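Chain lettering (A, B, C and D) follows the sequence in which the chains are written, and residue indices restart at 1 in each chain.
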Amino acid sequence: MEKYLDILNVAIYGSAVLLMLIGLYGALTKKSLIKIVLGLSILDSGVHLLMIAIGYLKDGTAPIFSAGNEEKMSVMVDPIPQALVLTAIVIGFGVTAVAISLVIRLYRHHNTLRIDEIKKLKW
Amino acid sequence: MKIAIILISLGILGFYLMDIFFGIGFGVQHFSNGVKDLYLSNSKDILKVSNVVTSIVVNFRGFDTLGEVTVLFLASTALGGILYKKRHHVGERSVLFPASRIVMSGAKLLFPSIVLLGAYVFIHGHLSPGGGFQGGTIIATGFLLMLLTYRNYSVSHNRLVYFESLAGILFISIGLVGYFSKGSFLENVLPVGNMNDLFSGGVIGIIYIAVGFKVAAELTGIIYTVLHEKD
Amino acid sequence: MIYVILTLVLLLLMVASAIYAIWQKDLLYAVIASGILSLFLSIVFVILQAPDVALTEAAIGVALTTIIFIIAIRNTVRYEDEHDKKKKVKTTTK
Amino acid sequence: MVGSPVLFVAIPLLAAFIIPLTGMIWKNSVRIIPGLVLAFMFALSISLMGYVSEHGTIVEVIAGWKPPIGINLVFSPFTGFLTMLMTFLGFMVWLYSYKFKRNVDFEPSMKYFILLMLLVTGSVGIVLTGDIFNMFVFIEIVSISGYGLTSFYTRRDSAEAAFKFLFMGAIASTFLLIAIMIIYSQLGTLNIADIAEKMPLMDNKLKVLSLVFFILAIGVEAEIFPLNGWAPDVYTQAPGPIGAAFAGIVVKAAIYASVRLVYTMYDFGGAFDLFIIIGLITFIVAETTALRQDRLKRMLAYSSIGQMGLVMIAFGIGTKEGVYAALFLMFNHAIIKSLLFFSGSYLVFNKKNKYIKHVNGMGKYLPITSVLFTIGSFAIIGLPPFSGFWSKLAVLTAAADSKMVILIAVILIISILEAVYYLRVVNRIYFFDKKEKTETQKPSINALIAMICLGIIVLVIGFYPDLISGYLDRAATDLMDKGNYIKEVLTINK
C-alpha cells in the first residue's frame, strides 16, 4: 500500500501543480479575453485540488459522524481544508462572474476580444 | 521572447511548488497538535452536529461564511454596475435554438424536483453532505434550466431582492442575537438536541437555510443579469 | 488498488482536458472542456473523501461557471483569433 | 466598554443587506444609510480607542470559541489606530462623493455607495481579524468591491483598468491560498497568534517560501514595485474619490497585513532586510516614473506608490522609532493623498485625459481648491510648517539611529525629485495662463467641507505634532511587542 501512496503523492500533487501551471500559462500568453478568464478558473481548480489533497488521510473516512462510527475520529480526513475550499470555490465563482461581465463590456466598447487590440492603457 | 520569460518563470514556480508539496507528503498526518481534533470532538460533543464540515463552515468559522455571502452579494451588485445598460426587457430575450416540445415538458417536469432536491440538501446540511451553498446552487441551476428553455420565463427582480435581503438580515440578526444574549457574535442560543436528529445543532440549521435562500437568490440574479445582456 | 488506478486515470483526463481547453481555438469547445475538468475534479474530490466539496464543485464548476462562459461567448465571439469568422458567427447565431 | 469590534463588520453588512429593501421605498436612503454607517464606525472606533488606552487590548471571539478554534478580532492600540484612520477617511470619501456629479442614470449610482461602504468594511476587517483565512476572505471583499468601483464610470478605459486589476488580483488570491495551505499543513492552525507561537517548529525552507508567496499575494494590493501595474490605471480611471479610497484605505490595509506577517507571524530577521530592499526599489522606481508623467492622476498614483515604498523602508528599519515613523507616514499619507485626490479631481474636472496642463491658471477660477491642493503638495514634499515634515523627519531620525547612512542619502535625493514634480504643478496653477476656454466645475458644498476638514488636519498636525504622537507611540509599542500579542489572544478567558 505504501508504494501506491508514493505514486499517488506524485500523481495528485503533480497534476494539481500542472493544472495551475497550465492555467497560468493560458492566462499569461493567450490573447483572447475569454481564454484568459478560462485560464484563471483552471488555476483555481488546481489550487482547490491541492488544498483537498493536503487534508487527505490514508484510509480516511469523510468527516461525517453517522450512527455507527462515532468513535472513528482518528481516521477521519481533515475537515478544515474542505471548509476552506468550500469558501474558496464560491469566492472564485464570484470573481469569475465579475470578470465575465467585464469581458462583455470590453467587447461592447471595442468590438473585439483580442487583448492586443484593446490595449490602450499600458500593460 | 515574452513567451520564453513566461515559460521560465512558470518552470521556477512549478519546481518550487512540487518541491514544497512532495516534501509535505500525501495521506499522512502532517502535524501533531493542530486544531483538527478539537474541531472533530467539539462538533460531536458540544454542537451535536454530524457533518463536521458544516459545523466548521457555519459555527466555528462562521465569520468566513458571512464574508463569503457578502462576496456573492458584492458580485451581483458589481455586475449590475458593470453591465449598466442595454438590458433586454422581460420576455424579449433571444435564444440560440428554440427549445423543442420534449425539452419544454421535461424542464417543466424536472424543475420542481430540482428545487425540492436543493431544499432537501440545505435543510439536511448538518446531517449529510451538502448545505446552504450546495443546495442554493442546485436551486439556481433549476432556475437556469427554466430560463434556458422558456424564452419568456422571467424571475421577478424585486422578489429576488426580497429573498436576498431577508435571508442576509436573518443571518446577521441570528448572529446579533447571539451577541446580545450570550456575549459573542453567532454564538449558539438554541438547545442543541441529539446527534443525527433533524433538529440538532441549534442555530446551525437555521443559518444554513438562510444561506441557502441567499445563495439561490444571488446566483439566480447573477445568471439573470448576464443572460439578459443585449449582444 | 482499483481506486488508485481510477484516480490516476481521472487525473490524467483532468490534465488532458485542461491542456485541450487552453489549446483549442474554438472557445465553445474550450469552455466545455473546462466543464469536463470540473466534473472529473468533483469525482476526485469524492475519492479523496470530500463529499461536500464535490457537491459544490459539481454544481458551481460544472453547471454555473460553464453556463456563464457560454453566455459570454454568445454575447461576443466564438473563435479565439479569426477575425473573418467573427461576422459569420454573429449572423448565424442571430 | 461601549460597543465591540464585531460591530465593525456586522453593522455594515446588515446595512448592505437592508439597503436594497429601503431603496425600493425611499431612493435617497441608498446614499444616506452608508454615510450613517460610516459615521457610526468612526464613532465606534473612537470610543473603543478610549477604552483600549485605559484597559489594554480587546480580543473579541466569534461564536464563543476560544482563539485556536474560533476566529477572533483584535482591537489593540495598533489596529485601533488604523481602524480609526480608515473609518475617518471612509466617511470623508462618502461626504465628498455625496453629490458627485456623473452623467449616467441613478440606478448604478446607488450601487456606488454600497460598494464604497463594503470596501471600507473589508479593509477594517483585514486590520481587525486575527486569522489568516479570514483575512483572505476580507481581501476578496475589498478586491471585488474595488473591481466594481473601478469600472464604475461608463468610459471604455475603466473596464480595461478593472480587468487588469482583476487579473492580478485573481492570481494573487491563489498565491495567498497556497501560502495559507503551506502554513496549515505544517502547523495545523490558522490563527495568527497560534501560528506565531508554533513558528519555530516549522522547517526553515518552507518558512521562507511561504513568506515569499504571502508577499507576492499581498504585494498586489500593497502596490509593491513589480506588482503594481494596475495601480496607475485604476487611479486614473476610477471616480476621483475612489482614488483617495484606494490610496488611503485599501493600501493601508494591505501594508498592515504584510507588517503583521513579518513582525508577528514570522520570526526571522532577514524579512526586515527584504522589506528595506522592496521598499527602496519601489520608492526609487515609482518616484522617477512620477517625474515623467504628464497626467495629473497618474502622477498622484505613482507618488502614492512611492510613498508606500517609503513606508515599507521605515517598517524595515525594524526599531521602535522606525515603526513610529512608518505609522506617522501612513497617517500623513492617507490624509494628504486624499486631499490631493479630492482637490485634484476638481482641478481637472471633465477634461478628457486629465493632463497636467489642464490645471493652468486654475488659481483664479477655483481659489479654495487650488489653495488646498497647494497645501497638500507642500505637505507631501515635507516642507516645514505642514504635517508631512514631521513624518519625514521621523523616518530620517530612525534611519540615522540605526546608522543607515546610504538610506538617508537616497531618501533625501528622491525627496528632491518629489519636490520637483509637485512644485511644477503648483507653478502651473498660479503662474500660467489658462489657454483654452473650458468650463470649470465649482466644488459642491459637501465636497468643500470634506476637503477643508482634511486641510485643517494637515495644518493642525503640522503645528502641533504632539497631538497624535501619543497614539503613534502606543501603536508602535504594541506592534513591537510580539509576545504580548500572543498572550493576549491565546489566554483570553471567555
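As a convention for this text, a contact is a pair of C-beta atoms (placed from the backbone, for glycine too) under 8 Å apart; a residue touches a chain by one contact, two chains touch by 3 or more.
What you see is a predicted model, and the numbers here were worked out from it, not measured in a lab.
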Which neighbours do chain A and chain B have in common? C, D
Decide which interface, B-D or A-C, involves more C-beta pairs in contact, and give its chain pair. B-D
Per the centroid of Cα atoms for each chain, what is the distance between chain A and chain C, given in Å? 12
Report, in whole Å, the distance between the mean C-alpha point of chain C and the mean C-alpha point of chain D. 38
Could you work out how far the Cα centre of chain B sits from that of chain D, in whole Å? 31
Per the centroid of Cα atoms for each chain, what is the distance between chain B and chain C, given in Å? 20
Flagged in chain A as touching 2+ other chains are 8, 12, 18, 20, 24-25, 50, 53-54, 56, 60, 62-64, 80, 82, 86-87, 90-91, 93-95, 97-98, 100, 102-105
What parts of chain C, by residue number, touch at least two of the other chains? 51-52, 56, 60, 64, 68, 71-72, 75-76
Within chain B, the set of residues that touch 2 or more other chains is 17, 24, 30, 35-36, 39, 51, 53, 61, 64, 68, 71, 74-75, 78, 82, 129, 133, 222, 226, 229
What is the complete set of touching chain pairs? A-B, A-C, A-D, B-C, B-D
Residues of chain A that touch chain C when the two form their complex: 4, 7-8, 11-12, 15, 18-19, 22-23, 25-26, 30-32, 34-35, 37-39, 41-42, 45, 48-49, 52-53, 55-56, 60-64, 77, 82, 85-86, 89-90, 93, 96-97, 100, 103-104, 107, 112-114
Spell out the part of chain B that touches chain C in their complex, as residue ranges. 51, 53-54, 94, 96, 121, 129-131, 133-134, 137-138, 140-141, 144, 148, 219, 222-223, 226-227, 229, 231
List the residues on chain A that touch chain B in their complex, please. 5, 8-10, 12-14, 16-18, 20-21, 24-25, 28-29, 50, 53-54, 56-58, 60, 62-67, 70, 73, 76, 78-80, 82-83, 86-87, 90-91, 93-95, 97-98, 100-102, 104-105, 108
If you look only at chain A, which of its residues touch chain D in the complex? 20, 24, 27, 33, 36, 40, 43-44, 47, 50-51, 54, 80-81, 84, 87-88, 91, 94-95, 98-99, 102-103, 105-106, 109-110, 118, 120-123
In the complex formed with chain B, which residues of chain C make contact? 51-52, 54-56, 59-60, 63-64, 67-68, 71-72, 74-76, 93-94
